[in-house]
Each structure stands twice: as structure tokens, then as C-alpha cells.
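Look for subunit A in each of the two complexes below; its partner is subunit B in the first and subunit C in the second.
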Partner chain A sequence: MAPTPANLTMDSIRKLLIVAAVSTLGLALVVVVLPSMLSNYVLGIGTIVLFTIPGAVALNIVFGLCGQISAGNAAFLAIGAFIAAGMTHTWPDTPTILVLLAAASIGAIAGVLVGAPAVRVRGLLLLVSTLAIHFIVLYLTERYQKNEVGQAGFLLPQFDILGWQPLRTIEWFKTFGVFAILSLLVMGAFRYSRLGRSWLAIRENETAAEVLGVRLMRAKLLAFVISSALIAVQGALFAYYVGILQYETFAFDMVIQYIAIVIIGGLGSIPGTVVGATLVVSLPYLLRSLSENLKGSDGIAGFVDDNIFNIQRFTYGALIVVFLLFFPDGIESIVRRVWQWLLGLFRGRGDDPVAPSEPAEVGA
Partner chain B sequence: MLGGTYTLLALAWVVIYQGTRVLNFSIGDFMLYGALLVSTLSLSGLAYIPVLIIALLLVGVIGSFVYLSVIRPLTGRDMFSTAVLAIGVSIMLSAVASMAWGPELRTLPRPLGDRTISILGTPAGVYSVVNLVVALLAVGLLTLFFKRVRVGLLMRAAAENPLLASQRGVNIFLVFAGVWFLSGVLASLAGISYATTSIVSPTLTQLALRGLAPALLGGFRSIGGATIGAFFIALVETLGVRAFGGASQDAVVFAVLLLVIAVRPSGLAVRGDARRV
Partner chain C sequence: MLTIEGLRVVYPRTGVAVDGLDVTVERGEAVAILGPNGAGKTTTVRAVTGFLSSERVSVDARRLEFDGASILRKPPHRIARAGIAVVPERDKVFRELLVEENLEVARGRSGDQALQDTQDMLDELFPILVERRKEQAGLLSGGQIQMLAIAMSVLKRPTLLVADEISLGLAPALMDEIVVALDKIRDELDLTMLLVEQNVGVARRLCSRGLVLESGHVRATGTMDELAADDSLANIYLGGTA
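== the complex of A and B ==
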């Protein structure tokens, strides 16, 4: 496994070039190409997709790479958002960059507090304690909002980093686009680092990882803390984006969405995260346009119209179940399978080799 | 009163986890279905007791169905997958429930009326007493069931060592389906007994999540531990609500849960083996 130093550097230079090329391409796509191509409606959906990606990346680091499930997405998002709201409410002139830094550091500290007890032991305690923190944070943010500003919610000032002041959807699209790409780069950087390899080792077999010298608690805690800090920054950005912040936004259904994204995208898959986020976020819009097309046939359309929210929830649940049962490696494995099948057709049957690069069985 | 509901809930979590190693997040939906079925069936003119029995059995069947259809194919995969799968199932069940029954709040019939009885001089609502009695009865019956009844023994054997049990001719999948049936019955009993004194609403599922606290406090393995945990959590919740107001019940219970995880993840009742959950 261990590459010699020589080919390691060759390899890493090649990888670095690929990463640089892909991220420049992505950056050009979200900042220049897509905004000029897409209609306002699609751009609006795209903004939410791009906003969602960092949170999905964060969960994918903990769950996909390190194999520990967390239900903390909504809670840490709320922590970040309410730090932004609280800071700008108390000191109206706080520069945005300072708010984001504060969100990251407080998110990380909260991550240590929640994660440290839970990752000491194996199993599902992280899931249970993040579930607990979800409801605690929900209660605290509710109390804080009601005490400070009442039911209406916090008003946020204009987002401003070095004079960049996004106001319209198109500008927020670019802002979230840059942040999404940064977060994907973070995930990529960790995935191929020493720490990332420790995470994969823990995911595949904790005992074996420990025997190989991985410091379990430290590696797991780092994964969780990096992820909470990332989500908290995402939350602060969210607060600026919505402009009026209310605690009701951070419901448990949000957690389900992020879990669905990671399951659909595939554990640890970077392109899968993007595809999964796109699918899960645009699903409600697809359903809505579907129900508008059904308008002619009154019986079903009425039902769909009345239950659009429940149908959406049902579909998220069904997607999680179907992917776990039939495509545990996510959408990437489907693409790979179809690709292999097409190659097989092209070459003719018979000499169709089993894909050598099949991803490792999850949790085997 | 709350203690009884928590006991049943904690038992539902523990039975399914001990039996099949699944942290079953659809327990809240089993609760909800139990209560909703009673409210619908009692409109059909049937007497209360048959309604109750049919509802409990139906939810049990739903439990077995969930196990056989989606959980069983994942046998052998890690418990992260099955927990997430159960979350997916839970979302599907609750979406179906609100599509079928609609958003309105319902009340359940109270065949015993609103009488109060006095126990040792303190007046108590008759349903609080019924709730408690049902829960303690369930504890007793379950203990007997797992110690004396053949099916209960089979469940323990299959949970202890599935391979060995299947070698001895036990149909372990059938036994595990039975475990899910049992847990479904316990959860719906919790849902019905709780909703009889308050209302049927989708927030029952949050109560089920709080039921994790007594289960964990009791070490997630023993019936006795879960029972003690349930009464402790009920007490803490009551005190918390008195101190911080009704909206704080989730926060208080989950804070205790976090504290347990931080201090003693293996639970207070048993020693050793922290790998349980």
C-alpha cells in the first residue's frame, strides 16, 4: 500500500493538478457560466443546492469517511445561525468575516463538548447524543429568540466581505457556490490525507484500525469537530442569506434531508455529495411542478396538492430505504455499473471483466 | 403517569435492540399508529376491548412487516446502516399516517370516564393509575415471558447467538419478526395509554425519542434497568417542567441523556461492556 516517496510526489503533483483544474472549472461554472445561463427560478433552486452542499460535505466526513452517524446537522446549523444573529444583534457593527470565524470556532468547541463523550465508545452513541443536542439547541434558540426579539425573529445586517455585498439571488448563488467549492476541497484534502486514511480504516474495521496505530478517539473526534465547524459557518451564512432568522427553521426533517443526501450520494463520495444534494433539494420543486401538470385530473391532483409536504417526506424516506437496500454505495456505484455495462456492450459479451475498481463494501 | 409511558417505551427500545441489534427509530410511529387505530376503530361501533386488541395486534403486524421487508435483508450489515434504515422507515410511516389521518388532533375514548381514585389519601386520575398498572403488568409479563415461555427463551437464544440458534433448528428470522411484533405492541400500548389522557398528535414521536433516555439509563439491556430509568426520567422531566415551563421537556430529558453518555455510557444499572449502543 505505502507508495515510495518518489511516486508519492509524482502522484500528488498529478492529483494536485487535477484538483486545481476541477475546482477552477467548478468555480468558473458557478460564478460565470451558470448565472448567465439559468432562469431566475432555477437559479433560486441552485442557490439552495449550493447552500446545502457544505452541510452534506460535513456529514459525509463524519458518516461517509469515518463511519459514525450524526444527527447534528440542524443543531449545528442553528448554532452557527444564532451566533451570527446574536453577535450582530448585540454589536451591530461586527464585520461579517469576524462573525464567520466566531461561528467556526464556537461550532468546533460545541463539537468537542458533544462529540468527546460519545466517541469514547463504539457504536451509535454519537447518533444518540447528536439527537439529544438537536432538541436542546432547538429549545435554547427558542428561548433566546423569544427573550431578545420575540416571535418575529432576528434581523440580520447586510453580508459584507471585502466589499462583496450579495443582495440578489444571483449574487447569493455565487457566494454559496464559492463556499460549496471550498468545502468540497476541504473534504478532498482530508480524504487523501493521513487523517482521511485513518477515518476510512475506522469505517471499515475499528479494531483493525486501532491495531494499525490509528488513535481512534482523536481521529473520530477530529472528524466530528471539523464537520461541526463547517456546519456552523454554513449556518452563519444562512442567517445572512435569509435576513430574518427564526428558530422554527431548524426542524428534525432537515437532519433527514442531509442523511438522505449522503446515502444517495454514496458514503465518502465527493461527486456523489453534489449529485445527492441536487436531487434532494430539487425534489420538492419537481413534485410541485408535477402536481401542477396533474391539474387536469382532479382526484389525484387534489390529493397531491394537499399532501405535497407528506409526499416529499415519504419520498426522502423511501430514497433512504431503497438506496440502503439496493445501492449501498450510492449513486456513484450506479453510474459505475451502467458505465461497465455500456463498456461490456461495446466490447461484446464474454470478455467483460469484473470492475477492478469496485468500491469497498460499506461496513463489511 | 409519565413513568408508565416511559417504561413501556423504554421496553420497546430495549426489546428490539437486545433482540435484533437495531436502534429502531420507528418506535414513535408504532406509538402513533396504535393511538390512531384506536381512534378510528372505536368510531366503527366495536366495543373498547376488541378495538384495543385489534389495534395492538395490527401495530405488531406492522412491526413484523417492517422487519421482514426491509430490516432482514440488511442482516449482517453494521448497525449504522440499520439505524439509518429505521430512520427512513420512520419518515415513510409518519408521512403515510398524516396522509391517511390528516393533520387534525384526536382524542381517544375513555371508557372509564374521568373519575379520580384516592390512593393513600392522594387523589389520582383513573387513567394515570391504569397507565401505571398496565406498565408494571407489562414488566412482569415480559420478565416471565423471557424466563419461562418457550418463545421468549427462543428470542433470547436467537439474540445471544443467531448462528447457533439456527443450527439447532430455530427459524431465527421468524423469531426476530416476533421480537418486532412484541416491540410494536409495547410501543402502541405506550402510545394508546399516553394519548388517552392527552391527545393524539404527531408529536408522540418526540416522546418516543425521549424514551431513549430511560433505555440508555438502564443500560439498554435489562427490563428492570429500563423500568427504574423510566421512573427516574419521568421524575426529572416533571421537575424540569415545573422549573422551566412546559416547552422545556425535550431539553431537560435530552440533557440528562447527554449527561449519562458523558458520565457513564454503559448506563447506571449494569457494570462493564460499554459497547451496547
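== the complex of A and C ==
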């Protein structure tokens, strides 16, 4: 186990290079390639996918890596959004970057407040207690909105970081793309840290992890704090993006949507988060275009159109059940196989990644 | 070092599992707990390592002390910190983590020279773990998982190692390798051991003294030679040949 220092640095340099290459590729995709390729319609869907990724990453940290199922996703999103709305409402000239930083800090603090009692309970109890937080936050944001601006909602100023002022869909696509990649890097950094290993150990066997010296409360609380800070930033971005913020946006459906992404993508999987978010977000649009193509049968098309949200809910539910039953590792396992096959091509022959009983080639 | 007096464990459904158990393990000693399935061996181990305290199980004893301090109903991580390491019968390793990640979890924050020395010794004893360090622990064979579990439990130099059925389901050659390794680890780390075993051969090679449990009671105690020489015990409780 104790790798020699030379070995260790070679290993980490290689990892760093791979990470750098993949994120540059991703950055090029979302900033240059995709915007010039996709139609406006698809870009619109893509924007929502990219916007969703940081939240999915955040839930994947708490639920996927640490194994603590939380229904607080929409609540923290609302907290972040209303921090942005409240700050710019009170001090209209607050720079965007300051708003995002404030959202991250207050989100982290909220994560401590919510997490400290929540991490003492397990499983279903944790789910129920985070669910309670969802409704408490919704109630508070409703009161705040009605007191400050009334039913119409908060009006947000133009997003502006270093002169970058996204207005059109294509610009928001790029903005959310950058944040999505940053959030994925954050997840990767934590996954391969000591904390990340502790999370996975907790997920698999809490008692064994504690016996080996993992500090349970600390590790779980940190998962909550990192996750809620990330979601709060996403919430603030969301407020700027929609321009008019109303509390009704943060419905319970949103919670289910994020849980579906994490389960479909695979617990703790980084590529799975991207694939899961893409699938879950674009599903209703696929259903709609499907119904439009059923021109011959007006009855069906009409039915689908009238019930699109119910069909969507039903499909999420069905997908969650199907994945939990038949693909508990999520899309991740499929993605990983394809990825290893690609890596194999890249490295040339000589190491077959799908031979589990063979001792792995080390430092090759 | 470890004193158990009048240990009584009652499960909510199945009733009394261990009743009136007395064991003393002196520093440097290795003691075997023998007996047929359902005799209360694993329950005893779980009571000592604290794994019963989280469940709705009643654990009582006149004395349950380690190094002079009571460990009765203490949570598992407290007991671990006091210096008792455990190799449980099931769920020994984190199957989804890599082999090296398992060891890193066990290592935690400490990184002193003593730990490095222990790690070096383990690398030498279990070269297969070095070879397969980049693989998921769940892909290891039963014997390799056992090696990893032993390595993880002794990495931080505990004073007492409690191991549950370390030879279960292992091929003779592998078992031999593990027994030799445990012997060496004990010498190097000055370990005291409490081993639950069904395999009398393994118990005799590692332990000087043993006790035989039956239905939650101590049926016999003595040196391993005495126990093995007692034919009636051997036939009834130890499954025949040693």
C-alpha cells in the first residue's frame, strides 16, 4: 500500500492531467461547440439541464456519496434564490459575485442548522425531518415575499460578473455550463479526498466506519454543509436567470426530480449525474414531442398534452422504481463500461479493464 | 486485561443467548472461544466490542472490563478507541472502496512512524493486497478479504484483537497463510487475542487456552491441549477431529 513518493506523484500527475483534459473538453463543449450546433429549442432544454447539474451534484454528495437521503434540495434552492432576491431588493447595487458568495455562506450556515439535528437520525427519519424543512422554508419564503413585494414576486437585476451579462438563452447556457463543470470538479475533489472515503465508508457500513475511527457526525455534517452551500449558489443563479422570483416555484415535485436524477444516474457517480440530469430534465420534452408525432391519433395527443405533468410524475416514479429494482448502480455502471472501453482505446492494448480477477497493472 | 464476569445477553425475540459467562484474558495471551453453532460465541464477541448496544438487546454483566475500565454497553467506537480491534464475521471491509482506500479509512489521520512500520510489515505479510490495491475490495476472494480485514483492524496497533471465525470457508493453504501472518502480527505488535473459532486446528495453533460454549453457558475451560484431549468434548462440540 505505502506507495513510494515517485509512484505517488506520477499517479497524481496522471490523474490531474486526465481531470484537466476532461474539464477542458467539457468547457469547450458547453461554451463553444454545443451553442453553435444546437437549435434554440434544444439549447433551451440544455440550459435547464446544465442549471440542474449543480443541484444534482449537491444531492449526490449527501445522498449518493454519504448515503443520507435528504429531501431538503428544493428548500436550500429556495434559500439561495431568496437571498439573491432579498439582497438585490434591499441593496439594488450589490455586485452579483457578492450575492453568490453570500448565498454560499448563508447556505452553508443553513446546512449546519438543518444538518446538526438531522444527522442524528437515520434513513426514513432523516427523510421526514428534511421534508419538514422543505415546508418550513416554503412557508417562510412565502411570508417574506408577501411582506416585501406581494404576489407578483421579486424582480431581479441583470446578472453581471466581470462584465459578463447573460441575457439570451445561449448566454445562460454558457453561464450554467461553467457552473455545472465547476460543481462536478468540486464533487470529484471531495470524492477522492479523505472525507470522500469516509462518506463512502459511512454509506456502506456506518458502525464499521465509526469503529475504524471515522467521525460520523463531523463527516455527515460536512456533507450537508457542502451540499447546501452548493445548492444555495444554484438558487441564487436561478433567481437571476428567471428574473422574477416567486415562492411557488419550489414545489415538492422538484425534490422528487433531484432524487430521480441521483438514483437514475447512480449513487455517487459523477458522469451519472450528468446523464441522469439530462434524461430527467429532457423527459417531459421528449414526451411532448412524442405526442406531437402521434398526429394520426388526435385523441392520444390531446390526452398526453392535457396530462403532461401527471405523465411526467408517473414516469419519474416508474423510473425510480425500475432503476432501484433492476439497475441499483444506475446509468453509472453503463457509462463506466463505455468509459473504460474508451480509455482502453486511448491507452492502446495491454490492459483489459474488465478482468476483475486479474491483478491490476499498477503505474502503467 | 479483559475481564468478563457473569455476562448475560438476552435478545428480544429469541431469548437468552449467553448466560453467566466468565472469561479472563491476560495481557499477551491468546484465548479461543469454541463451540457449535448457536452456542453464543458471536454474541459474546459482539457484547465485548459493543456491537449489541445499538440494538434492542439486553446486555448485562457483573464485570465487563478492559484495562481496568468498564466497557459494558459502551458504543463500538469508544471501545475501539480504548484499544480493542475487531475482525467481524460479516461486513469486514468496505466492498465498494478500493483496497488501498479501505486501508486509508482505517488509517484515518494518523501517519506516524509506528503506523508506517505496521503498514510495511502488513505489505510484507500480504503481498497480494499490495498487488490488488487499486481494485474494489468487493472483488477480492474470501481469503483476501480476510487479510484486508485483519490488516485494517491491526493498523492502528490495538492491544486486544477480537476475531470472529477467521478461518470460516477458507481453503487449508490460505488458512495456513493467515495463521502464520496472525502469529507474526501478534509477536510484532504484542497483541492479546480473543478468537472465536469452530476450527480446533486453527485455535490450537494460535491459542494457549480456550473455553467451550454450549447454549450460552461455558461447558469447559482449559488449555487447548486439555480441551483437545477430552474426547467427549471433541466429539460433541468440536465436530470430531482437530
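Rule of thumb we're sticking to: the second predicted complex is superposed on the first by the 323 of 364 C-alpha atoms of A that agree within 3 Å, B and C clash if a C-alpha of one lies under 4 Å from a C-alpha of the other, contacts with A are read in each partner's own complex, and residues count from 1 in each chain.
Quick note on the criterion: a residue touches a chain if its C-beta (ideal position, glycine included) is under 8 Å from a C-beta of that chain, and two chains touch if they have at least 3 such contacts.
This one's a predicted model, so the numbers in the text were calculated from it and none came from an experiment.
Once chain A of one complex is fitted onto chain A of the other, the partner contacts of A:Ile334 are absent, as it touches neither subunit B nor subunit C. By the touch criterion stated above, A:Val19 is placed in contact with neither subunit B nor subunit C. For subunit A, the partner that touches more of its residues is B, with subunit B and subunit C as the two candidates. Of the two partner chains placed by superposition, A:Val42 touches none, neither subunit B nor subunit C. Applying the stated contact rule after C-alpha superposition, one finds that A:Ala208 touches subunit C and leaves subunit B untouched.
Of the two partner chains placed by superposition, A:Leu279 touches none, neither subunit B nor subunit C.
Legend: residue contacts after superposition of the two complexes on their common chain; A:Ser198 is shown touching subunit C, with no touch to subunit B.
Shared-chain residue A:Leu182: touches no atom of subunit B or subunit C. Of the two partner chains, neither subunit B nor subunit C is touched by A:Leu27. The contact surfaces that subunit B and subunit C form on subunit A in the two complexes overlap at residues 362. Note for the complex: subunit B touches subunit A at residues 23, 70, 73-74, 77-81, 83-85, 87-96, 98-99, 206, 209, 212, 216, 247-248, 250-251, 254-255, 257-258, 261-262, 265, 274-277. Of all the residues in subunit A, the ones that touch subunit B in their complex are 63, 67-69, 114, 117-118, 120-125, 127-129, 131-133, 135-136, 138-140, 142, 256, 259-260, 263, 307, 310-311, 313-314, 316-321, 324-325, 328, 362-363.
Contact residues of subunit A toward subunit C in the complex are 1-2, 194, 197-198, 200-201, 203-205, 207-214, 356-357, 359-360, 362. Those residues of subunit C that touch subunit A in the complex are listed here as 49, 51, 54, 75-77, 80-81, 86, 88, 91, 94-97, 99-101, 103-106, 108-109, 116, 119-120, 122-123, 128-136, 139, 152, 156.
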